[in-house]
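These are the structures in question, set out in turn.
Same chain, two partners: chain A is paired with chain B first, then with chain C.
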Partner chain A sequence: MVGLSIGEKYFIQGGIAQDLRTDGRKRLSPRPIFVETGNISQSNGSARVRIGATEVIASVKAELGRPSALHPDKGKVSINVDCSPTAAPMFEGRGGEELSSELSVALQRCLLGGKSGSGAGIDLSSLAIVEGKICWDLYIEGLVVSSDGNLLDALGAAIKAALSNTGIPRVNVAAGASGDEQPEVDISDEEFLQFDTSKVPVIVTLTKVGRHYIVDATSEEESQMSLAVSISVNRQGNICGLTKRGGAGLDPSVILDMISVALSVSERLINTLDSQRAAAEAGKDEL
Partner chain B sequence: MRGLQLSLNQTQKVRLQRALEKLESLSSKPNSNASVIVADSIPVNHEDGLLKGHGTSEVNGEVVATVCGVVERVNKLVYVRSLRARYKPEVGDIIVGRVIEVAPKRWRVEINYSHDAVLMLSSMNLPDGIQRRRTALDELNMRTIFEENDVICAEVRGFQHDGLHLQARSQKYGKLGRGQMLTVPPYLVKRRKQHFHNLEKYGIDLILGCNGFIWVGEHVEVTDDMVVDQVSNSEQQSAKADKKILSPEEQERSYTPQETRENICRTANAIRVLSTLGFNITVEVIMDTVELSISLKQQVPIHEMLGAEFYVLVAEKEAARRSLTKKK
Partner chain C sequence: MEFVSPEGLRLDGRRPMEMRQIRAEIGVVAKADGSAMFEMGNTKVVAAVYGPREVQNRSQQLNANALVRCEYTMANFSTGDRMRKPKGDRRSTEISLVIRQTMEECILTNLMPRSQIDIFVQVLQADGGTRSACINAATLALADAGIPMRDIVTSCSAGYLNSTPLLDLNYIEDSAGGTDVTLGIMPKLDKVTLLQMDAKLSLDTFENVMQLAIEGCKAVADYIREILLENTKQLQYRRGT
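Entry: the complex of A and B
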């Protein structure tokens, strides 16, 4: 991220105050979003999302594992984000670690629900195969390929798209195993089960610059922010998670405003994601 | 046209395709002999003392190109000027750059070149406009002229033993104030007589840097400080000092006027569209595009300028323009 001169900073702040940002957008209009699914053939599901110059890839890998002793009837999900050093010079070496861990924690909070897995966007009990013995472990990996602001929203959208692209092989459990023995399983190569991703939320980040807040900030605008509130909303319009970055204070009534804005933005975002996915699938059928 | 990201519908796709085909058919043919792609052999008569330059290699006694581009010959030297190359400075280029370091007697400037450029304190006019030797005091006050991250405009002076040197020996060069800097591929900006443009109609300044950095900003009146007498100068300074303690409301009022800002955004978006489509960026084409967007104000608000429909319109307009100039 290069620095900005005083004149440029002033211009960006003025633009946000006057509701006309440097690329001609209004405060609450996002950039167009482009989604491709199924890019990585080795994974069970993957998606690449581009918002302006921001580009992220998410992949979902399913592996057989043992459920934890506390929740024998549930599978496990882990989310991890990596920042590629090609995205920005500051991600080189260990530079990206802070941002990666911040992003993964925020995504975990938005998508995974409570400790027991209840209320999560992903239904963990659908991942169980044999209670207490075998379950699916989902490894969700995010990769930031290039960064131009609004990474969290892009990653959220990519993970949602990747999950809806995910097919988990059907597993046939050989009968007869009993006691402590690990039952034998047969993984089908042809039959795949689709996920129910209707509960998976999308994330909308509202960045406050000066006295106003904006949707889908570019990295130049993010450099001028005082705080950012990320709200994850699902299809039903319920809030699944809320995180705030930046130390500046915020009036409680502003948060309510932000939430209602996030609701309308997220509805549009979910519809775009769905229509893009449908278009991509239709395009594949034609080929 | 690589990596064009647009959600075109069927008709738009067809229209864009047609416009691009037309552009391709109009592209100049006479030069095609000189243009080569990788592994093309370059015809040379093997006299003694042939010099193989950049982008060439000898395979089986034949000189072949290793990059796509245009073959250039200078006396015995044969080299290939590559098409999608990084910016290569030439003496006299007007460039826009960003100061990245204030060093003893010099500023280091990022100019999109493989090295950073150097602007010496001695190769720029002092703010007081008097020609004199630079003292140690001037050196201490360098940050009052340019700071880190400032966007500046300068001219390429030439290569010296310690790198590429810039100069800013006129009032038109120097720090750029309010506006935005855009980055486009440098090969889209051709060297011309005029790189500074004051678009009076829109109240904006446009600087097309040869290095692919383009400045679009609020118009600033160039004042010759030598004529300004001492009194008004000190008045200005006191006004400046007052400016720093403004309440948010006052600050809002001193922002760029809405109309100017709209024009800046329109111009910037026009440049973005042109550079994505890969058209040469000249002030005429930019102004045509801006006027096109203004004439369609109802259908194309500023933020829609980066949408699919406007891209198609611009491509069609460019095709029409080129066929017109061709006929002439």
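Entry: the complex of A and C
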């Protein structure tokens, strides 16, 4: 919990009103973001993202499973977030569960689309192997190691980076299985399929403090917010999901304004993520 | 199964008395009062220390000593197979207790009465020896938080497989069913603070295995001292003296 005096609160609010925040940033400038991929060797793909003092880890595990009866041609993806007590003592025991589920649901809404899986940022049909019989189940796990605000954006970026790092083994299906039989599959140890992550959205959260809204709020700034709108946008400029947190009301025209701002911010964010990924891959090739 | 090849090499290519590569980093969690990351081969843990601070739950307050609390959590992705474990299962509760007791012993709790020190350890990757790695990380985090301690506590495990004493077991060797001795020592005072062992062993072999674990702990202690010294030099440099 952030404990601030009245003077500090006024300082933060006043700074935001004058477009100069406590760490010297402007209202719409984010903190630098650092991405590191492939650091959890037990999973199919993983990434660690650091934004200021916020640090999150995302890991992707792929398992073979049965597609649901309603959508036989699609795989399944589940997103789960955990808040480690290392990030804040209040997450100890069951203390982090409320925030964890809030983040998980927001991420599901922003990345997985509707219940039917339509409009999902992750292409679910690419996870199908044999229609109605076998598909890949992706388990995306997020972990908040250190928290200094803007967790949702960090988790969104980490998941995107982890998915681009994910290698799904190539599967050979033995021919000849027919009818209700479960076909035999052979999972390759050597060949991996890269996941197409060009359509996976990033999340931009705009936090409203006073009369203005800011991007990439720190936890001090978040303690002063009246509301926050998280907008997930992909490279094509489509809005993939929206979540509003906080109780205060918002003028509909302001929402449209926020979305257009989020579009321009997300474009920069996607470019940063892509260039970091390219740099990391180039670094690996040299080794 | 053969855990030591005729050439005297283990499954991961180590010699019986060889430790996995250890790596440590101080100050990984910016918001905590003290924090550290500790790696032993593929095992990777993060520890964060909050405190000494006001006691959160007044009924637990001790008038003569500081209250030391510890929580051990494993990330869902830390193990090879994916499983959802409820928070606070028996294993984590036991490890939390073990870490708490070990660390409490070395902290000078009498200097900070009516206050509370929280130690949180988070396992990011588990490949055997998480208990030892957690204790080593907690020691570093406590030192980083500037909490007065009698001595550092370091820990290392040793086992006995194929009638060979092995140092620093990994997950495969750990789950092979042989003996597993986890030892924690305070190297300067030369005292054992933690000793856990399962499976049976003759007295003579136990002596050998324990001696091996002590050697391991001392090697870890040397490394931890080096890291702490390096960190202190950095702090001194930043201060400009």
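Quick notes on this one:
Note that the second predicted complex is superposed on the first by the 286 of 287 C-alpha atoms of A that agree within 3 Å, B and C clash if a C-alpha of one lies under 4 Å from a C-alpha of the other, contacts with A are read in each partner's own complex, and residues count from 1 in each chain.
Basically, a residue touches a chain if its C-beta (ideal position, glycine included) is under 8 Å from a C-beta of that chain, and two chains touch if they have at least 3 such contacts.
Bear in mind that the values here come from a model prediction, so they are computed numbers and not experimental data.
Partners chain B and chain C, once the complexes are superposed on chain A, run into each other and clash.
Using the contact criterion defined above for the overlaid structures, shared-chain residue A:61 touches chain C, although it does not reach chain B. Contact with chain C, but none with chain B, is seen for A:80 once the two complexes are overlaid on the shared chain. Shared-chain residue A:194: touches no atom of chain B or chain C. Touch criterion met: A:146 reaches chain C, while chain B stays clear of it. Residue contacts after overlaying the shared chain place A:92 against chain C, while chain B stays out of touching range. Once chain A of one complex is fitted onto chain A of the other, the partner contacts of A:3 are limited to chain B, with no touch recorded for chain C. In the overlay built on the shared chain, the residue A:271 is in contact with neither chain B nor chain C. Only one of the chain B stretches 166-174, 256-264 or 274-282 carries C-alpha atoms that clash with chain C in the superposed arrangement, namely 274-282.
Taken together, the two complexes place no residue of chain A in contact with both chain B and chain C. Partner chain C is touched in their complex by these residues of chain A: 40-43, 46, 52-53, 55, 57, 59, 61, 63, 80, 82, 84-89, 92-94, 97, 139, 141, 143, 145-148. Here chain B touches chain A in the complex through residues 5, 7, 98, 110, 147-151, 175-181, 217, 248, 252, 255-256, 258, 261-262, 265-266, 268-269, 272, 301-303, 305-307, going by the rule given at the top. Interface residues of chain C facing chain A in the complex, by the touch rule stated above, are 28-32, 35, 42, 46-48, 50, 56, 71, 73, 75-80, 82, 84, 87-88, 118, 120-122, 124-125.
Those residues of chain A lying in contact with chain B across their complex are 2-8, 10-11, 13-15, 17-18, 20-26, 29, 32, 34, 50, 210-211.
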